[in-house]
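Two complexes are shown next, each including subunit A; its partner changes from subunit B in the first to subunit C in the second.
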Partner chain A sequence: MAKEILAGIDIGNSTTEIAIADVSGREPVFLSQHLVPTTGVKGTAENIQGITACLEKAVKKAELAISDLTRIRLNDAVPVIGDLAMDLISETIITESSMIGHNPDTPGGGGIGTGETILINELADQRHDTDYIVVVPETCDYEWVAYMINRCVKNGISVKGAIIQKDDGVLVHNRLQEKIPIVDEVAFIEKVPLHKPAAVEVALSGHVIRMLSNPYGLATVFGLSPEETRQIAPVAKSLVGIRSAVVIRTPQGEIVERKIEAGSITLVGDKDSVTVPINDGAKRIMNAYKNIGNLIDVQGEMGTNVGGMLNGLRQDLAHLTGQASRDIHISDMLAVDSGIPTSISGAMAGEIAMEQGVALASMVKTEKLSVHKVADLLQKQLNVEVEVGGIEAEMAMRGALTTPGTEQPLVILDMGGGSTDAAAIDLKGQITTAHLAGAGDMVTLIIKSELALEDIDLAEKIKKYPLGKVISLFHMQLEDGTISFTETPYAPETFGKVVIREESGLTPLPIRDSLEKVRHVRREAKRKVFVTNALRALEKVSPTQNLRHLSFVVMLGGSALDFEIPQMITEELSSYSIVAGFANTRGTEGPRNAVATGLILSVTEEVANG
Partner chain B sequence: MDKHNAVFVPIITQNASPSILLKEMCAGLEEEGVPYRIIDQKEELLTSLPISILVSGDQFMIFHEKLPEGQSYLNGCAGEERWGGKNAARLVKGLPLSNP
Partner chain C sequence: MIGTFEILMNLEDGETAQKGINANEVVIAISPAFGKELNKTIVKVDHGKVLREIVSGIEEQGALPRIIRSYHTADLAFMGHQAAKLSGSGIGIGLQSRGTTVIHQKDLDPLSNLELFPQSPSITLETYRAIGKNGALYALGESVDPVPSVNDQMARPRYQAIAALLHLREAEQVIKNKKPVEVQWNFTIKEEEN
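Right, the complex of A and B next:
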């Protein structure tokens, strides 16, 4: 009898996985497996490219050719697609003032000085009865600047502080006869309004400014009325915790006020519908979600931030699925609080402030994905019989059950890039499923936003690998506080920096946040998305809605490979006396290849059952 | 000289070309608040800091005492003096280096 070789192919949102097995005998003999990133949106013709590339690798590993395959089985992918959006719910609005608030490593001097802003070239011609703050563009040499200020002060002009474009603060300060606070490294010095009242404050190293970060301090410095103090309060807020700052009053209102409404969100369920102001934060939204039964749709208040956000989301999803945007109904939603970096209006050194925001992941059911179309195309291209196998959850369950130490009843938690899917199987073999919005991609988005990174790939790396901090040419501090030593010195670009420790080398982070801060952001993002979703998913598939009635949970998918997500979930679920851990498909594959394996196992069972 | 008083980054000159602006290099160190001293190569080195700068021709090299003899950690040329001084200082302070 000729050998019967079968390929099981699982097209996921982010990866395509293949298992190849010889199914001639009673028990399938697995020959090889492989995975590649999915090409295109799952269930579209673009998938073929990834599938064939993956298939070629897999048959090669098994020392076969594609023509040796008897049959190919594709999974019947779940027709849900997710998307992400993020927007501000609050914003610092600064009116009637400009400000510089930043942390140059080496500002000059210390203390606070107030006066009228004046260009250094014009200083010598000024009146003797006014205090001045000198503004120095980068064309000026530090020795000349110091000479100029010294000469003018000697001639009776009162200089109370300086704003310098270059990194010359200490150099100028060291050469002054009368010491003043100096803020340097002000990138956009040409934006500093001239002939306006201003205050410069520099704190000693290791301290933070106190006067300009206090609304009443600002009121004292500028002699403000209670009404003006209320207006300037956001300036104080955005200067908290930094070492040097400048505030300039521009009472003509040169900086225009902009106000945005955060808006409210309406969750429409089959039992009830609830409207929650987005200002109340993610927690309130998710609590409201619990009380409305099954979600039918989510609507945002028109003309507000959240309205725009949900509209964008709907359009994105309409584009992805080819459905009209009014036919898009959000079937699940996860809201997570997240800081969003926002450039401050009126800021002059390129400062950003972390404003409160909310990240929304949502999921829509689409019309059935055209996996059959993909199957037909694949069959034509490869000249091998291609069939669409059983339901994805069922296949995943079969694959997961090959994990040593598992038995029915069992819950699988498939944590991928785009969604978190759960399925429960009871003693009779009945399967219940749930598809939730929010997974690995949402974690990456939150990390990117909270750390104000420009590069999404960098955020992805932060998510995947542990951190370290290079503390000398030969030493690195690891996340647990231990020190590792190297014999070859670390590269200059990593010196003194927080780095991502990939297997292949170190990637320095272009930000100044501490190792502890970056680690905290990473872990919190994972916790807020995956631990929350694990609990939500288990509640949905548990026959009694009570987590305590579950006993085994097996984690699958790319995010189950993460170095800390499975532990977080194991820890959380252990408080419900649930045994939870990541899968080890066929005892060898870890949390990968479960669906592909299930596709092959289901064939041999079909044969066995006649 | 008492070794403990000798806290400075030595800038050792060796046939330094006039195109190298030592003043800018010193400014880089001064801005960061790290003491330095320009010395003749023949002088005996007595510093408790691990970093030294060698200026030779129109190039400069920044050394760390724990690196093998003759192996520099950073190199630069005329036009990058301020950057060199600044980063020598930042190596002493253990702060991230800045780009040229």
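Right, the complex of A and C next:
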């Protein structure tokens, strides 16, 4: 009998995986496997490029040629496509610039000072019975400023604090005979109202301001009435947790946190439909989602941010699938709260506030994806018989069951880049599936936004690899606090920086956030997306909607390769006494190649069953 | 009353430079002719202003500036490395008369560096301040964002000949076998009343 060589190909949202096996015998003998990034959207003709490149690599590994293949099996990809969007829901506006609250790296001095704001060049001519806060534009040299203040103070003018445009706080402070608190790096100093009562507060290094961030502190400083204190309370709130601040009292001055008219979304379910304002945040949206039964569609309020967001999403998906945009129905949605750095309008020091935003991932069911079209094209191009194999979930299940230590009933959790899919198989072999929006790409988007990165590839790297902080050229602090030493010095550009520890080397991060902050953002993003989705997915496929009735969960897909996501999920699920871990397809492949393996196994079983 | 003012720099050579013991210090090594035979950079900025900005940048961050003068070499890489080796924090800054600057670390190869500013004509006073600031941040062990530098393709053809001349004049001041010395510095501001 001639040799029968089979290739199983799994086209996923983000990777294309191939397994090659010799199926002439009773048991398939796996010869090689390979994976490449998927070219184009899955189920479209653009996939061919990736498939052929991947096939060439795979057959080469098996020391064969493409012409040696007897048959190629493609998975019947689930016709769902996901997309992401993110938008602001709150905004801080300072009207009548009445305060500066920011964290310059190095303010000068410490303590609190109050007085009337005055330009430094007018200081010498002022009266002796008033306290002053000096305002220093960038044209003034620090030496001159210090000299000037020292001279005026000697002449009996009372100077209680300073506001400086340049980064000169410490320099001026070091040269003063009478020390005062100094706030520096105030970019738009020309906006500081002059001849108005003001207070300057600087906390010592490692502390935060206390007086100006307390409404009653402000009332004490400015002698306010209860009514006025109520008005100024938002100022105090916005100064909580920072190291230096200036508050200038102008009669109309106020600061407001304005909620953007983000609009509301209507979740249409088979039991009920609920309208939730986006401003209520991700938690409310996801709670509403639980109560409506199966989601049929999501509508955004017209003419609002979220309306535009969902429309954009529809257009994208309509374009991809070739359907009319009114035929696109959102079958799943995941909302996650996320910080979006935004500059405060009306601010004087170019302050940036972390405003609230919501990231939405949604999943759309399309008509059958044209896998058959891809199959035909592939057959023509390669001159090898191409067939479309079984249902993706079934194939993944077969592949996952090659993991040592697994048996039916089993739940698989396929965590990819674009979607989180779950499938459960019961004792009789019945399979239930669920396809949820939100996976690796959403985590990347959240990391990018919260760390204010410009480069999405960098965010992707932060997601994938652990961090370190290079302390000297020969030692580095790792995430858990241990120190690692090296004999060959690290690259000079990594010195003193937080780095991403890839296998190939270290990538320094171009941001000044601490190791702990970056790690926290990364872990929170993963938790918000993957742990939430794992629970959601398992509830959907569990025959009783109760997680406690599941016993084995096997994680598959690219995100199961992550160094911490599987642990997070294992930890979370262990509280439901579920055994959860990532797959080890065929005992060798880890969480990869399950579908491709399943495609091959299904053939041999078909043969065996006649 | 913000009049024009002039910065007068006074540099005085002292004893042979010793290795520092203060972990917060950043050592600046100036070249043999800096502020002496030569007193302006390649774009005619006073050496006083340049050095003062670097020193100010270091002080503003809370680190301690120290200045030494290199005699045995006018080569930027070796000057910077020498400064780093003598610095208590292991961070040094090399500064040539024409304005070229490097931030160095003691464990690096001399020809490597933390940050190099090779195009002296495009370095502004703000950049010198930022160089001092970064030197201090490295010394204090904080995360550092590299100083943004401009790249001007025309700088090379325009300034290469002058740079060569300046380096020649600098090199004439090299005294072989003379160890680097401590430099006492002070800046005085002269206000020009208008």
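Operating definition for what follows: the second predicted complex is superposed on the first by the 438 of 610 C-alpha atoms of A that agree within 3 Å, B and C clash if a C-alpha of one lies under 4 Å from a C-alpha of the other, contacts with A are read in each partner's own complex, and residues count from 1 in each chain.
By definition in this document, a contact is a pair of C-beta atoms (placed from the backbone, for glycine too) under 8 Å apart; a residue touches a chain by one contact, two chains touch by 3 or more.
Predicted model, so just to flag it, every value in this text is computed and none were measured.
Touch criterion met: A:F474 reaches subunit B and subunit C at once. Contacts of A:D105 after superposition on the shared chain: both subunit B and subunit C are touched.
In the overlay built on the shared chain, the residue A:V29 is in contact with neither subunit B nor subunit C. Once the two structures are superposed, subunit B and subunit C can be ranked by residues of subunit A touched, with C on top. In the superposed model, A:G496 lies in contact with both subunit B and subunit C. Contacts of A:G169 after superposition: both subunit B and subunit C are touched. Of the two partner chains placed by the overlay, only subunit C lies in contact with A:W144; subunit B stays clear of it. When the shared chain is aligned, subunit C comes close enough to touch A:S514, but subunit B does not. Residue overlap on subunit A between its contacts with subunit B in one complex and with subunit C in the other: 105-106, 142, 167-171, 174, 471-474, 489, 492-493, 495-497, 512. Every residue of subunit C that touches subunit A in the complex is listed here, in rising order: 1-2, 5, 56, 59-62, 90, 105, 107-108, 112-114, 129, 133, 137-138, 141-146, 187, 189, 191.
The part of subunit A that touches subunit C in the complex is made up of residues 105-106, 121, 124, 139-144, 147-148, 167-171, 174, 469, 471-474, 489, 492-493, 495-498, 509-514. Residues of subunit A touching subunit B in their complex: 105-106, 142, 167-171, 174, 471-474, 489, 492-493, 495-497, 508, 512. Subunit B meets subunit A in the complex at residues 27, 30-33, 64, 66-67, 73-74, 86-87, 90-91, 94-97.
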